[in-house]
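Each of the next two complexes has chain A plus one other chain: chain B in the first, chain C in the second.
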Partner chain A sequence: MSAHREILFGLYDDETDLLSAVKEANARHLHIDNVYSPFPVHGLDPLLGLQESRLHQAGFVYGAIGMLTAFLFMTWVFTRDWPIIFGGKPYWSVPAFIPITFELTVLFASIGMVVTYYAVNGQGPGVTNAVLDDRITDDKFCISFDAGHASEEEVSKFQQFLTESGAKEIRTKTI
Partner chain B sequence: MSAVISPIRDPLITGHKDYHQITEDICAPSERTPSAAWVTAFLISVAVLSFGVFCILWTIWFGIGTWNLNRTIGWGWDITNFVWWIGIGHAGTLISAILLLFRQKWRTGVNRAAEAMTIFAVLCAALFPGIHVGRIWVVFYFFPYPNTRGPLWVNFNSPLLWDLFAISTYFTVSLLFWYTGLVPDFATLRDRATGVRKKVYNFLSFGWTGAAKHWQRFESLSLVLAGIATPLVLSVHTIVSFDFATSVIPGWHTTIFPPYFVAGAIFSGFAMVLTLMIITRKILNLEDYITVEHVDSMNKVILLTGSIVGVAYITELVIAWYSGYIYEQFAFANRVQGVYWWAYFGMMTCNVLSPQLFWVRKFRRNIAFTFFMSIFINIGMWFERFVIIPTTLARDYLPSSWSYYVPSWVEIGIFLGTLGIFFTLYLIFTRVAPVVAIAEVKAILKSSGDQYAGEHAKQGHTAHDTHSHEEENLVH
Partner chain C sequence: MNQYKLPAGERLFLMICMIIGVACLGITYFTDDALHSRFWSNFLHNSVFFTGIAFLAIFFLCANIIAFSGWYTVFKRVWEAYAQFLIVGIGLMVVVLAGLWLHAHHLYHWADATAVAEDAILQHKSALLNPVIYLVTLLIVGLWYFFARKIRNISLEEENVDKFDFQVHKKKLRIWAAVFLPIGGFTSPIVIWLWVMSVDAHWYSTLFAWYCTISWFVTMLCFTILALLYLKGKGYFEQVTADHFHDLGKYVFGFSIFWTYLWFSQYMLIWYGNIGEETIYFKQRLAEYPVLFYANLAINFLLPFFVLMRNDTKRKEGTLTLITVILILGHWLDYFLMLKPGILHTAHEVLGISHEAAAHAADHAHEAGAHAEHAAHAVAGFSMPGLLELGTFIGFAALFVYCFLNQLQKAPLVSYRDPYIDESLHHHVV
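Right, the complex of A and B next:
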């Protein structure tokens, strides 16, 4: 992140509290910056308006590339570059190409998806992202608001919401 | 927070844990100084590993003439051990991928350690093809790369090459899957650590924050990786079996090999998972997370796959007899009552008879008995590969070529060495990483914790709260 951002956040003790708080925030038309949790909370995505991840579509494309790479390469080697007869079978012995074609499909799809996943998450070896509270990876559930880009009136609304929705701790942090 | 709580399922997390207690319990082993038991085990493993390395260097220096292979028996302990280790690895992928697709919650207690086991087992397995070709310094000839010999390509029609691709893909995918799951848990360790430890875990956790969108992608990635790892794991042992099945050796050239190998692999892998888990849960005080319920479930898988393997053995015999092909008939008669009858007897006893004891619920839930059985099955599955490989080769078509094979000290040393490598890596893993997937266990707490599910659940604390949420989610 380039510019520093001032984040107002509240910590909740349970995912059920978190879910009802997010619903309450939606009802009050407050713009939630982000929600953090120690494990995936099911039912949160539609409340936050998150669209389904397109990672699996990317995976399909990578897999297709892997499949074509393997199959076309073996075809080229055994029909164009250096045709050899093995065991009296045709040069272009398609059934024998299936295992390697399958393996490379899986390999390309997996590597491609994992690399894409870390890239779009902004994560990777050596990356340090700001952590709002150390207990978010332990037992706290966090709703955060971008207080730096909000008017004073909005910030007080955020604060009022956090208090009323049962946040156990409310803090501000510049990240 | 999956909300359907079955009244007949036993809880998978005992001890009335809350989220914080789960973090404390699972992080504890990597945050305290190693126990005397760990240090002793580590020193023994490293010693055995060192002897293995010595034997490998001996092999490389003097050549594979230091092994007792001969012109008739070209594959001995090397390929036996290779297949044995690869098979062991399969349980990890089954638990992490196939059981994820089947939504089996008990996988969360054991998947992390089982996946680690897969990776270490595949490493041990991959060692054998590398050294048994004799000239390890040109081992890169395995791979198709542009070269100055034409370029002369590898034979893409050969099952041995398929195997190379299968195993390297399997290793890579298992590693990616395992590490992706580890990242959130490394972040948990990072946020509890100070000083150098914090720096190390900060590097390992890749900047994980736990944001909602990241968790969504995390789950999507896990599901798709599980979806493609499932056919992958089935393909790997299928292709290993092709190494034998596509040859024209009586006793190997059979169509039953792929399913039979895959079932055997899962069978032996679960036995190794149980061996490791029973020790791990005891030493790391994780009995609340790896419960008798988990052991029971794994024993059921052992019973199923053991029975499949048993049926396969008997089918092989019947089909050999029914084929009317004398070489095939001789190969099987020879396995049962030839010079290596004791290996066949060991295989049948350990793999076919012993798992049948698990029909009894009391045995399935007995930890000491299960531990004993898991060792027994590991031995049995090693015998299976020994029966298939050297004992079949020992009595080939020509009686003048018949031979007998016992391993040399170098071969035994290399096998022991792989056990050393495996346990050394596993012990390091138990120190560095959370042995149980923290985030995944937390995610099933509300449906499988003993205060929510099972007979000791607190009244009025269970299904209703979570149910209403789930129903609302379904509406969305």
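Right, the complex of A and C next:
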């Protein structure tokens, strides 16, 4: 988390209000700092101009690493380190390696993606994040602006926008 | 445009393709060995392949109906139309059945009374593997067709109800679909055992029916994608968006992996068990079909896995067209590999050409030239699909597409009275 910032935010009752408000903000060329919602809102990402997540690309890399780890390790063990004959099969029994290779691919990909997700979002065990308002995890939808780094003129524009776009509450909080 | 009309140009094209297919079948018949095994195996191969696609269409449609899913509703007429091909499939398989009863072909070793008389395994299996049960499999397909017809009629009945009257869907469609699913699920293995697995009369695998079914399923999805792309290109189905293709692409991706899972499970258990009666199946294929054997895995697993993994490839028309065409051919090759080796070995056995004899004849080409020629002749069209096989495939595919388009023009394309239509029209996946 960055240093403390002064955040101006408005709370909305409904996701349709939120979507139309975001559209309005875009039309007025106001820079939205963030939007909070209790659940994923359809069509919000393109309005905010969010890029597609690259988490799945990381997942592919982790999976590939897991696959190579399992396959190469078993190859090393059963051909170099400790060759054992199982049921008359050759030392390097590729079909028998496949299930374990598959499992480790899944394991590496899933654990790697979870850890990456938490790291990227600055979350994890013991980390607490300041919340603008508890109700945005329940039934309120929030649009926030960075008031600390904006001129007074801009802040008044933000406030005017929040009032006109139907925010039920408008507050400022330093987090 | 909510009413499809088959244009004269397309009709002519499909007719020409069907004539090519008939011509190829004819050429195959007259240039074949004494048992006409190449002709009959090509006929069986394509009949089984396309009948299965029709079965999977109605099965997956019913699964979606009772799962209360709505994403597919906008193009459900496509699957309904596919399913109506079952009646043609019965007609095609009646030809195979007639050949079986009249001993006109030797696709199935268990149908040869003299072979069974001196074969303890075949005697043991004769309770299932006999011509009467083969007739039963056709009756089973008849039952599937009855359900396909019924579901289609209820779906058309729905066209006439009020906008928010869901009684037809709730009280009829859902119940008929729920009744069909266990019937289709439990009867389809019997059909697959008799039609496909029993060409290797001594061999069996408990996984085999799943593996065949999923091969059909992936092909059915690929045909759906191609049909929708074609129809969209003609200006129909403008309600079908990239999101619908995305979901279809996900199904192709996922079930290609499931196909590989089943293929590998079957392979690994047999490899690990190492029982001669079982490993012979893969030994024959690896020894005589090494290219097809590995190509099968590369086309049907590696290709869709790496190409369809990304989000955007499932939304692009060009990529989807390419990958679905290749996958249809890939699963057609998969069926080729299931059927041809068994039929070839049966034919060899009956014609008295053992492999040792064929090899021996090749060594002594002078004295046994005719014999060697005969052996080579029996292999052509079995070890690798030739032009005649491809022509036959084109003919059958044209027949399937013609029946599909013909059914499609009998009803409005998009059913605006289905309770799930709005969900389907506003389907978003990203």
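In this text, the second predicted complex is superposed on the first by the 174 of 175 C-alpha atoms of A that agree within 3 Å, B and C clash if a C-alpha of one lies under 4 Å from a C-alpha of the other, contacts with A are read in each partner's own complex, and residues count from 1 in each chain.
By our rule, contacts are C-beta pairs under 8 Å (C-beta built on N, C-alpha and C of every residue); 3 or more make two chains touch, one makes a residue touch a chain.
Keep in mind that this is a model prediction, so the values were computed, not measured.
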TODO: Mind working out whether A:Ser53 is in touch with chain B, chain C, both or neither, as first, second, both or neither?
DONE: first
Open item on the list: After the superposition on A, what does A:Ala96 contact: first (chain B), second (chain C), both or neither?
Closed with: both
TODO: Applying the touch criterion given at the start, work out whether A:Gly87 contacts chain B, chain C, both or neither, answering first, second, both or neither.
DONE: both
TODO: Look at A:His42 in the shared chain and tell me whether it touches chain B only, chain C only, both, or neither; answer first, second, both or neither.
DONE: both
TODO: Please identify the positions on chain A that touch both chain B and chain C, taking each partner from its own complex.
DONE: 42-43, 52, 56, 87, 89, 96, 99
Task: chain A-touching residues of chain B, taken from the complex the two chains share - done: 1-2, 18-20, 23, 144, 150-153, 155-159, 161-162, 165-166, 168-169, 172-173, 176-177, 180, 183-184, 187-188, 190-192, 202-203, 206-221, 223-225, 228-229, 231-232, 235, 239, 242, 438-440, 442-443, 446, 465-466, 469-470, 472-473, 476
Open item on the list: Using the touch definition from the top, list the residues of chain A that touch chain B in their complex.
Closed with: 15-16, 19, 34-48, 50, 52-53, 55-56, 59, 63, 73-74, 77-78, 81-82, 84, 86-87, 89, 93, 96-97, 99-100, 102-104, 106-107, 109-111, 113-114, 117-118, 120-132, 134-139
Task: Residues of chain A defined as touching chain C within the complex - done: 42-43, 52, 56, 60, 87-89, 95-96, 98-99
Task: Residue ranges of chain C in contact with chain A within the complex - done: 264, 267-268, 271-272, 274, 309, 311, 428, 430
